[in-house]
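There are structures below to look over.
In the two complexes below, chain A is the common chain; its partner is chain B in one and chain C in the other.
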Partner chain A sequence: MNYRKLGIFMGKKTIKLVFLLIVVCIASFWIVEQSPIDPVRAYIGEMSIQPEQKAKLEEYWGVNTPAHEKFLNWAENILKGDLGTSLIYRMPVTDVVKERFAASLLLMASSWLLSGVLGFILGIVAGMTNGTLIDKAIKVYCYILLAAPTFWLALIFLLIFAVNLGWFPVGLSVPIGVASEDVTFFDRIHHLILPTITLSLLGVASIAMFTREKLIEVMSSDYVLFAKARGEKGFDLVKRHGIRNVALPAITLQFLGFSELFGGAVLVEQVFSYPGIGQAAVAAGLRSDVPLLLAIVIVSAVFVYSGNLIADIIYEFVDPRIKQQEMKT
Partner chain B sequence: MSTTVVTVNRGLFNGFNLRQKTILLISCLSMLLISIVVSSTFIDDSALSTDFGSKNLAPSLEHPFGTDWMGRDMFIRTLGGLGLSIVIGALASSISTVLSVILGLLSSIGKIEDSIVSWLVDLFLSIPHLLLIILISIGLGGGATGVIIAVALTHWTSLTRVVRAEIKQIKTQEYIHISRNFGRSRWWIAKNHILPHLVPQFVLGTIVMFPHAILHEASVTFLGFGLSPHQPAIGIILSESMKYLSAGYWWLAFFPGLSLLIVILAFDLIGENIGKILDPKRAHE
Partner chain C sequence: MTNTSQINVEKRGKTEALLKVKDISLSFTQYASGLRQTDLKVISNLSMEAYSGEILAVVGSSGSGKSLLAHAILGILPSNAKLSGAMEYDGHDLTQKKKEELRGKDIVLIPQSTTYLDPLMRISSQIIGSVDAKNADSRMKLQREIFRKYDLKPEVERMFPHELSGGMLRRVLVSTAVMRSSKIVIADEPTPGLDENNLNETLSYFKDMANRGYAVILITHDIEAALKISDKIAIFYAGTILEIANTDDFTGEGEKLRHPYTRALWNALPQNKFRAIKGHQPMQDEVLEGCFFYERCSTRNEVCSKCVPDLKICNGGMVRCNNVS
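Presenting the complex of A and B:
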């Protein structure tokens, strides 16, 4: 691989990321600043307080400082690595985000893998049996999955597997009433299974449909016709010529789906009360915890960007066809 | 191709050709959706009044979707919620379409405009969609208007991309060059030569956008943003039903969600079939 080219590529991408983050920071700060919701009211809730105390709080939160000054303060602190204090968790935003994101990452990564593998297999099967009943069944299944609201699926799963069958716990990432040292690895897995399956369902549909289309396209190409003429057939043919050609675009697509994965995680975490970053985002939004919300927006932007970056790298450097073209020139 | 004709003419409607069948399917589905919207406007408050004598009833002939903990009929609540969702979806996707028409045409004017538009698309796609909707709706002060505007402001990206690609292709056509040589301004060309070609894309784009907008609206309301708890929105019905799941009242969650799924599927099917009719390459299959 051409390391110099990779270096330049990464450099460009890093500059782009920095620029993007600056714009995202400014834009999201501006949006939140437009909000007519009073932060002091949001902080104290329905309690009634004296006007003097309110004035004190207003000064503490900087309600009356001009927007650009507030932004500069905030930006300066971010550069120092301080994202402020969360209003609802009463601890530094960095700690909240770290803890929550780790939990979410576990959930997202496992369902990402599951949906990728399952979707790819389904897509290959559907593409191989193009036009038959199996293909149609897979297609209908995918259509329904794509149309189904994620949170509704989560509710139905909860209803069937947790409430009626009692196979899985109803929520949370660890059992209630158990000290954190006593939580076994098995407990965590047990709490993770249902959210993971729910979250992976959405991804399965899109990756399966894509793989199916791609495989049908590849199988009607000239080189497959030639391979057939040489006497290759059945699964060997698909394995040698189909899967190899389809795998890379499918993996790329899977990396491009980070944004939807995050959105799905928000909904799934809410239903299963899984203490991840999505749940924190909803809580921050509902209770006007501006520092936490902005931090989550930034983290999610980096998350989505890294997915796109990996997809770009696959396009640019891993695809053997592109490497071959380079050698020619 | 005689075999395809044979398969087409089998089945229930064997008097029609595929094109007629497609139109029939589209009109049936549209009738379903329109009747949902129309009947949801005729729901009077008495039908939703609380009746503790008949609370938490399982589905029966009298209450096909069961009743909730206040004795309200879930079928009527679901119908109202679907109507509301469709109306919000229509509003949001038409605003989004107008935005993508403007941005698409803007990108056809020149290089700088084009890079601004594509940069804007990238910016909007850089944050997870759901989070962006939450952020914007907070910025607008929440409430129903906040959610509608937030949903409307975030769905234009994919259609704008399609329109941009289409415009790039049209611009290489000879008649555009000739018109340019005749001294027409870029804006005049955009309006008179490019826009008419894009009308099918816009029609299709709006319909394809519909299910996304409805799903996002339902998701955001489910999370607790936007509409007040008194509105019969699907998202609110479902988030309420969460409290009663462990009590075994499965119908509170099952039927409203299923109806939403059917509405979404109907829109998907309409979009796909209209696409078939509008696409000249596939129209005479």
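Presenting the complex of A and C:
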């Protein structure tokens, strides 16, 4: 592989990311500034308070400083690595994000893998049996999944598997009333299963439909016709030529799906009360925790950006055809 | 020939054809307007025979359905194609099941362009094809041997199709055909856009195959190239074969040729009279009652417009014309 090329590529992408983050920061700060949130009220909650005390707090928080000064102060602290203090969790935002993001990452990674593998297999099966009852069944299944909202599916799953059948816990990531050092690995897995399945469903449908279309296209190509003429047939033919040619674009698409994954996580975590970054985002938004909300916006931007970056790298550096073109130019 | 892999057939008697194509017709079902279905006939009542050790060139203009003839013989037509008529291979009926059994083994195809190679698979895997582990080594050896013979460097086997030059691609595609000890080679337009040297080199591969006992079917639009190496020329026109002539018949002003179209084709060549006849081939959706060449024929008579002339044996060739006895 051409390491110099990769270096330049990564350099360019990093510069782009920096610009993106600056724009995201300015935009989200401006939106928050425009919102009718009163940070003092958010901090003290429902407590009643004297006007003098409120004025003191306002001065302490710097509520009345001009917007651009606020932004510059905030940006300066961010550059120093200080994301501020979360108003609802009463601890440094960095710690909240770290803890929450780790939990979410586990959930997103497992459902990302599950949806990728399951979707790809379903797509291959549907593509191979194009036009038959199996294909139609898979297609209908995918359309239903695509049409059904994630949070609704989450509720239905919760109703069936957690409430009626009692196979899984109704929420949270660890059992209630157990000391954190006593929580076993199995407990965590047990709590993870239902949210993971729910979150992966949407991804399954899009990957399966894409893989199906792509496989049908590949199987009607000249090179598959020639492979048939050479006596290749059945699953061997699909394996040798179909899967080989479908895998790369499908993996690329799966990486591009990071944004949907994050969006889905917000809804699923909310329904399952799973203490991840999505749930924190909702809480921060509803309860006016501005520092936390802004931090989550930045983290999610980086997360989605890295998914796109990986897709780009696969496209530019792994596909032998693109490599060749790069060499020619 | 030094190639040890070829356990090829001893030259069989010229009287018995290895492959017989008898009166086949091929049509596609299409949706014309709305839900109305029509049949688009691309091959009609086509007959031909291929002999071991001989090259039969099927010559016709581009886009006239010649490739589909190759696909029909190999049984790799799309699912909306309807094929009628009969084929015989080595004295046995060539059914779809039999075709699936034989293709890649006894009957091989040399396709026309790089799009027929898997863009993401290395050359050697494509040439060797799908084999189980115990045969892989011997196949690998055979492939290296063939590469040496066709002057392909060993590093070519690790390349991807897009990395090949035009000449290399030609030789790679030919290599795929000689991997198996096959009996029939169908080459579909193997010489498009080749310069004189490359053309002659490619043609020599086919001559060589025929000498080793293969029955070679060369599908091409290039009648000059076909005349250089073929034993027989089949003239493909509007989905059927109008004449099967021996290569020696193409001489002078075409007096020995049986069909007026063949004669016109011969006389249209630059080194001959360089004279084209008027008109064009009938379209595939035109319904023709008489001779397919009726509109453009100079010797037509009333009978010609009424029914399709039968294929007649004449002077060691075959012709579909009423004016030949």
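Definition applied: the second predicted complex is superposed on the first by the 323 of 329 C-alpha atoms of A that agree within 3 Å, B and C clash if a C-alpha of one lies under 4 Å from a C-alpha of the other, contacts with A are read in each partner's own complex, and residues count from 1 in each chain.
The rule is simple: a contact is a pair of C-beta atoms (placed from the backbone, for glycine too) under 8 Å apart; a residue touches a chain by one contact, two chains touch by 3 or more.
Everything quoted here is computed from the prediction, not taken from an experiment.
Using the contact criterion defined above for the overlaid structures, shared-chain residue A:Tyr223 touches chain C, although it does not reach chain B.
Using the contact criterion defined above for the overlaid structures, shared-chain residue A:Arg244 touches chain C, although it does not reach chain B. Once chain A of one complex is fitted onto chain A of the other, the partner contacts of A:Gln53 are absent, as it touches neither chain B nor chain C. In the superposed pair of complexes, A:Leu20 makes contact with chain B only, with no contact to chain C.
In the superposition on chain A, A:Leu158 contacts chain B only, with no contact to chain C.
In the superposed model, A:Gly231 lies in contact with chain C only, and not with chain B. Contacts of A:Ser288 after superposition: chain B is touched, whereas chain C is not reached. Once the two complexes are overlaid on the shared chain, A:Asn77 sits clear of chain B and of chain C alike. Touching more residues of chain A than its counterpart among chain B and chain C is B.
The part of chain C that touches chain A in the complex is made up of residues 71, 74, 76, 78, 100, 103-105, 108-109, 111, 113, 115-121, 129-130, 160, 162-163, 176. Interface residues of chain A facing chain B in the complex, by the touch rule stated above, are 20, 23-24, 27-28, 31-37, 143-144, 146-152, 155-156, 158-159, 163-164, 170, 259-260, 262-263, 266-267, 270-271, 281-282, 285-286, 288, 293, 296-297, 300-301, 304-305. Residues 122-123, 125-131, 134-136, 138-142, 211, 215, 218-219, 222-225, 238, 241-242, 245-246, 248, 250, 253-254, 257, 260-261, 264-265, 268 of chain B touch chain A in their complex. Listing the residues of chain A that touch chain C in their complex gives 220-223, 225-233, 236-237, 240-241, 244-245, 248, 319-321, 324.
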